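Below is a structure I'd like to ask you about.
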Amino acid sequence: MFDVALVGAGRIGRIHAANVAANPRLRLAYVVDPMADAAAALAAEHGAQVSTLDQALADPAVRGVIVASSTDTHLDFSMAAARAGKAVFCEKPLDQDLARARAAEQDFAALGVPMLLAFNRRFDVNFATLQARLAGGEMGALETLHIISHDPAPPPVDYVKVSGGIFKDMVIHDFDMARWLLGEDVTEVFAASAVLIDPAIGAAGDADTAKTILRTASGRLCVISSSRRSGYGYDQRIEAYCANGMLRAQNQLESTVERWGEGGASADRFQNFFLDRYAVAYAREIAHFADVIDGAAPLIGYRDGVAALALAEAAAQSARDGAVVRL
Amino acid sequence: MFDVALVGAGRIGRIHAANVAANPRLRLAYVVDPMADAAAALAAEHGAQVSTLDQALADPAVRGVIVASSTDTHLDFSMAAARAGKAVFCEKPLDQDLARARAAEQDFAALGVPMLLAFNRRFDVNFATLQARLAGGEMGALETLHIISHDPAPPPVDYVKVSGGIFKDMVIHDFDMARWLLGEDVTEVFAASAVLIDPAIGAAGDADTAKTILRTASGRLCVISSSRRSGYGYDQRIEAYCANGMLRAQNQLESTVERWGEGGASADRFQNFFLDRYAVAYAREIAHFADVIDGAAPLIGYRDGVAALALAEAAAQSARDGAVVRL
Amino acid sequence: MFDVALVGAGRIGRIHAANVAANPRLRLAYVVDPMADAAAALAAEHGAQVSTLDQALADPAVRGVIVASSTDTHLDFSMAAARAGKAVFCEKPLDQDLARARAAEQDFAALGVPMLLAFNRRFDVNFATLQARLAGGEMGALETLHIISHDPAPPPVDYVKVSGGIFKDMVIHDFDMARWLLGEDVTEVFAASAVLIDPAIGAAGDADTAKTILRTASGRLCVISSSRRSGYGYDQRIEAYCANGMLRAQNQLESTVERWGEGGASADRFQNFFLDRYAVAYAREIAHFADVIDGAAPLIGYRDGVAALALAEAAAQSARDGAVVRL
Amino acid sequence: MFDVALVGAGRIGRIHAANVAANPRLRLAYVVDPMADAAAALAAEHGAQVSTLDQALADPAVRGVIVASSTDTHLDFSMAAARAGKAVFCEKPLDQDLARARAAEQDFAALGVPMLLAFNRRFDVNFATLQARLAGGEMGALETLHIISHDPAPPPVDYVKVSGGIFKDMVIHDFDMARWLLGEDVTEVFAASAVLIDPAIGAAGDADTAKTILRTASGRLCVISSSRRSGYGYDQRIEAYCANGMLRAQNQLESTVERWGEGGASADRFQNFFLDRYAVAYAREIAHFADVIDGAAPLIGYRDGVAALALAEAAAQSARDGAVVRL
């Protein structure tokens, strides 16, 4: 059983804390958060101690650190944990500033500790099954990829303002997914964005809708459809077109109950909240972190965080300029 | 091109007339109906002549007769056509009286003309595909069978009163379907019926709902669910449980359009009217009649009409007595 | 937090132990099993003590007892726990002998402790959603009910021999489900059974396939289809036909991944193992036991165990005699 | 009943001839084709006469002309028919040369006869239902649109060489569909194309795969996915994302038969041949031509042919240049 420290007692930190508590291989030893009340409450719930980051890093029993604090601290806290020799679990995104993330890459690597960069969707059973079957080649070579990623409803505009923009905040998940499924680097990005949902998002300088086309080194194409609002819950589907047919992952429903009435047959609602939709993925992600502490190579690391960020910057630039950006 | 005569210019007669007209191998030569106006209108629409049955049968160019008159005349008109050496297309049911239908069986057979008994569902592409795949054995031996057959809405009580009862009027289609798919004789029938939809149907001495269990000679089981009203259109589905899995036929939709909204995803309406649901089946049935005139063995004949009627009588008796009826 | 004792360290006992351990409101205090090794291993895994039943019952801190031992001991251990004033969680079936279960009913009731009879399917999210929506009346009054309950593959014949027969061992779940959804007593049972899958099951005096029709006090009908083998995983579906349409619960899939190939579109496999299919239901069932210890009325109790057993006996008799059994 | 002349006795001409013959409001009077045998055979099949175009146009009984000859003759024959005062049914595309089609637009309009430009997909029941429901606004304003249009298998390279390229030959259908559903003009086009299926198509200077993004005057976005090969039949789906949810049209299956086996549930094959997939659409298109002859405004006309061609040219240019083309 490995002791871990959690930095950040906010919404996502509480999810990770609960999953650590439920995992027989991990023990939540410390909770670190400048909000003393939040830290105390979360620590109490799981029998952990409140501490500073330094105190937690100084404890040799701590084998891993979960960085779930605000985005601007991800990189610094990850470096601090790595310098202390702890395995790092870093929430996405690695940073909002590509240059800064790139600048630190060598330093981090030199410390020789693993980082699990927490793109939670890779741990979803549906997407993981899709990836495994694509990699297994059952439908022949992958040729093109479609990713639909529409949120149930737009976030508050105050969040949008500090989010880094739709590409860094939201589409970054899909850039990582595209890289994982395509299994190769992207060389060209074209993005068209629009404000179709909430004019206030436009007034804040961001878009709420985007369609992005990626081209890979070997010439394959990927389309990503992004929307801040679906109107019917979490719409996250992938279609992978291969030489001999197609594999795809569909949305998850709240139950298998159907209603057949005058208007036809209808299924139950799509899952509507990311903590429901990805509840199992978050638990699997923490289980993978136990593997990483135990010596396994992380499924996703620092380099993937940089690569997704680079795609997000390229897409934002393409959307601004109306031209292809070559990487 | 074969000339045919149509006896009966009612709703189903008009369907058959249109399908004869559209079939390049058949020509509608005569329309026979005691309602002179109906006969004249239908004949005019398709360039046919109004005639008596005797006149039509006397014409040596007429190779087949479609009997689509009222049920009590099916048997007499079929015999008359057969005596004149014409191939017979007889609407279901053969008769409402099992003893009478059995009594005439030898006489009809002795005349040496084919009868196509018009259980239209055998010509539905979905059910025909199911039957072919079951017979082909792709899932191993058929073990048990479920037939759902729920009408969109109950008929008028005046119709119910002369219909012969739910088993002879409605479930008879499913008895024929069961015999076709099972490919063997039924030896035991148990039926439970109820009045759950329209008390007036109960007051008329009939039921509006029934669940029937058949057992075949080799011991296999079949369940038929019958309802005079679904509330969501034509519900006619079949599930065939086999040694290695299941094959089933589902309902037909008005279009492939789906709606994804707050309440979830919903498909378009199920087809709601038998003339829509079975439009293609009626045309294929008439095309098969052209084959029969041309010498092909009918897919369904007199014996099948008797067998379905026998099952209907047995089921009605079982429902009355609350006991298994052995055939 | 309530202490509970577990009687029975077999497969289902281990499931309950893990769910108790994961539930923040319960603590596994004692494990009781004549197989000392099994008891010790399970107790060690969850930090519990091995004890005798008497020792566990003597501990006033123990508030509930989970009876997951062999079927013939369910009733005795439940009575013992009740005499000690502990809330009882009793695995299904209550007993294999209806007369015996009925004989003890008053005695149990007199002890004034609650029993949660563990028909796990009532805690499945899909079936619970179906029940709630039926009870809510969104489609009008329920009229007839179809329950499909086909296991992935038949059990070993040695198990079949001591199972009590298909109706008491397997269909009993569906009798309980039917009673729950119909919301009223069943007055007539007809069952047709057959040996279509494994002749050895027939040689052991049991059937592997059955179709049962129930009629309720108010005249509604229910069909239950039972098979020891589907060939495609757990097939447990329900269709509830109501005045204005139908509600149904479908099977659960291993993932949402689909394959579109030359042969058409195919979904992922159906869940194949009851511990996967009902993993969440077992956890919810234990959570409900915490509520029951805390004073809530059990969703299912002694009376429901007796009623399901009575239906199982009636169905077995009907299948033997080929006649309706009236209750 | 209106007499029509057919120019072109090839594959699509024969389809139109059969639909004219089956339509009670139209009569096939003349068949015109330089291949005398093909013309004679088709004329004989439907009781029409073989003639030259001039002869057919000289017959005052002829009210409409169906131009189904080779693409390079569409415009000339349409003009000739229009000069003779006949209603024109013109197969897609209007021409391969945008400048030429534009140059003739005023001349054609001046002749005052209607042209039905035969984009057959507008007459498909599924797409027409989608369009009607979008226009009806049941899900709120349309915001973005996804069109999947993948053919079952690539055409012969010899065909590709004279096809005008993937955008003019294949995607042109989708440009028309996009314009129809969006209900407004497109102002920007970006297309990425690739050779991923057949290198011979690349060697012929064409692509076999493309992803296109359109932006409309009001700022809405549309993605079109194009592939010369799906591996699983005709894949033609549309998803229309609206303010309150999504409407979509799905593929058509060969039957409703499903197979549930060890690998999961699979549906029947998707329809694989355009003459099956669009059989009903072709008949409805001819029926609409009867309406047009009778005075109705054509659903699609000359202007739509020009607009689709303009989009095809813009997309081809964008794919070549890797830059957005503004219209």
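A, B, C and D label the chains in the order they appear, each numbered from 1.
One rule holds for everything that comes next: a residue touches a chain if its C-beta (ideal position, glycine included) is under 8 Å from a C-beta of that chain, and two chains touch if they have at least 3 such contacts.
Quantities reported herein were computed from a predicted structural model and do not represent experimental measurements.
> So using the touch definition from the top, which pair is joined by more C-beta contacts, C-D or A-D?
Here the pair linked by more C-beta pairs in contact is A-D.
> If you average the Cα atoms per chain, which one ends up farthest from subunit D?
C
> Mind checking the centre-to-centre distance between subunit C and subunit D? Centres are C-alpha means, answer in whole Å.
58
> Express in whole angstrom the distance between the two chain centres, defined as the mean CA positions of subunit B and subunit D.
Chain centres of subunit B and subunit D, defined by C-alpha means, are spaced 40 Å apart.
> Quick one: report the Å distance separating subunit A from subunit D, using the average Cα coordinate of each chain.
42
> Which subunit A residues touch at least two other chains?
Residues 139, 230-232, 235, 244-246, 260-262, 268.
> So in the complex, which bits of subunit A are touching subunit B?
Per the touch definition, subunit A meets subunit B at residues 230-232, 235, 253, 260-270.
> Quick one: in the complex, what on subunit A touches subunit C?
Where subunit A meets subunit C, its residues are 22, 125-126, 129-130, 133, 138-139, 244-252, 254-262, 268.
> List the residues on subunit D that touch subunit A in their complex, please.
139-140, 143-144, 146, 150, 188, 190, 192, 194-197, 209, 211, 213, 215, 219-221, 223, 225, 227, 230-232, 235, 241-246, 322-324
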